[in-house]
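Chain IDs A, B and C follow the sequence of writing; residue 1 opens each chain.
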């Protein structure tokens, strides 16, 4: 436990000094705000682009608050996911690559504590960033678009957060398996996108896939009733995370350094 | 439709601009303090200043060197 | 005090097809300073990494004996400095030592006093407050030594501690090592014989993953030194051909000639040098220098490396 805290404190300090604790939440917050702002000004934007024939007026059905929130989640599922993966991809591979791990692992340290600290710091960063961004999106939607149902928004947010945790865990797993940062990012983003698209193509086979979490949360926002499979997908997602963690901790143990 | 054409609510737009400014300033600050970067520093200054949000993000992800 | 501290038996490491370390065995006595000597690519770093617990051996055993009995986990008793140590550039020297010390199991109070002490010892008291990103190679090496020693290990393992340093940095680290070796057992790898001679009392020479020879420095010097004559003559044609002819004389067991110089292994130095001088006089050859003595460790090292 003491070693976990030591490692965790170091991870937090590193994230602070590398400004990760500033830029990741900031970018997530902006991502959250942009969607309602753009939606609100869409008619003006189209009008001022001036390509419309004279006399023609555009009538866009103003979207509901819940729909804008759902669109925001869509933003997070592309740009947000990428930012998340890029910001944590070298968390494990970086120390192995540079060689710092040689000095760390020559000391009587626990590999599980080491991996757990990586996980804990990743989860804190992801949670703080998403909660901030989602709260920003919610506030702006309420101000500029319209009402959002509280219960549905909270549940959708939690489910989506779970999906981000899953993607973060997947990235850390890849970081423990691979060395090149580009490879880690490519595999992690690719797998996440594939999983989430697969649940659109083959809904019957992927009912409980963690990849269906984004869709479930969007549906929850729009329909305001519990979609089928939410509970199963959440449980399976948590189990996958534990599994990824165990593989990563083992990888850390057998591949202490690159030399 | 009337409400849509109402004047722009600057009090809600401003925070977005301020956030973007903060991001750029933090990026420049980090660049200034960095011992070493991948590629020349002046290039990163341009990227951060002209690249809006993606510019700063690209700097934070790829510009910084983690090991020494 | 000649208790064995480290016992290595038939240690081997295979990477895919290539066997880098081929079953080496050696002991390290408590309180000694041993050098793992060998040319680049001999398997030094691989051996050191296995000893430090960073690499799983393919075969054999490594045992660390504390108070005479083997330990299950030797990491608490080992301090390790990798070749060209890498740190977190965003940490200060002090912060890294605190971190390293606590990871090694010191309490937060112990680690504070030890950090101050070791920073002083390695001459980084002032620089300790600065970020490691701004350190020079020599400073990093010294900080690396401090982090390896902070938990007062029984065995200090160093991988090429001075080879990447400039002369000043090299001298600093060697002076430090000389002081450290009085308190703890040291094992370090190097490809520079001179460094080994300067501080060690035991040498283990390895070549192609095998031990070529090992023993105490004195023992190796005595056993392997051979009577040798070093001869230098003028650069003219006559002198050179005489030198080549002289190397063919029957008292010369083995010889190496390059330009106007020759190194001859002989049975009896005194007799051989008299014969050579007389021969030179009769052929009216000018001898520039003649040195009668014994082969140095350097000769032995070169012989071992090139064999």
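Note that in this section a contact is a pair of C-beta atoms (placed from the backbone, for glycine too) under 8 Å apart; a residue touches a chain by one contact, two chains touch by 3 or more.
As the structure is a computational prediction, the values presented were derived from the model and not from experiment.
S.K.: Looking at which chains touch, is this a line, ring, star, complete or other?
M.R.: If you draw each chain as a dot and join those that touch, every dot ends up joined to every other.
S.K.: If you tally contacting C-beta pairs, which comes out ahead, A-B or B-C? Let me know.
M.R.: A-B
S.K.: When the C-alpha atoms of chain B and chain C are each averaged to a single point, how far apart are the two points in Å?
M.R.: Here the centre of chain C sits 51 Å away from the centre of chain B.
S.K.: What is the distance in Å between the mean C-alpha positions of chain A and chain B?
M.R.: Here the centre of chain B sits 20 Å away from the centre of chain A.
S.K.: What parts of chain C, by residue number, touch at least two of the other chains?
M.R.: Where chain C meets two or more other chains at a single residue, that happens at 86-88.
S.K.: Which residues does chain B have that touch at least 2 chains other than itself?
M.R.: 66-67
S.K.: Could you list which residues of chain A touch at least two other chains?
M.R.: 18, 98-100, in rising order.
S.K.: Please name which positions on chain B make contact with chain C in the complex.
M.R.: 35-36, 65-68
S.K.: Where on chain B is chain A touching in the complex?
M.R.: 1, 4-5, 8-9, 12-13, 15-16, 19-20, 22-23, 26-27, 29-30, 53, 56-57, 60-61, 64, 66-67
S.K.: Mind pulling up the chain A residues that touch chain C in the complex?
M.R.: It comes out as residues 2-3, 6, 10, 13-14, 17-18, 98-100, 102-109, 254, 256-257, 259.
S.K.: Quick check: in the complex, which residue numbers of chain C touch chain A?
M.R.: 45, 49, 52-56, 73, 75-76, 78-88, 90-91, 99-100, 102-105, 144, 147-148, 151
S.K.: Inside the complex, what are the residues of chain A that reach chain B?
M.R.: Those in contact with chain B are residues 18-20, 22-23, 26-27, 29-30, 33-34, 37, 40-41, 43-44, 59, 62, 83, 86-87, 90, 94, 97-100, 140, 143-144.
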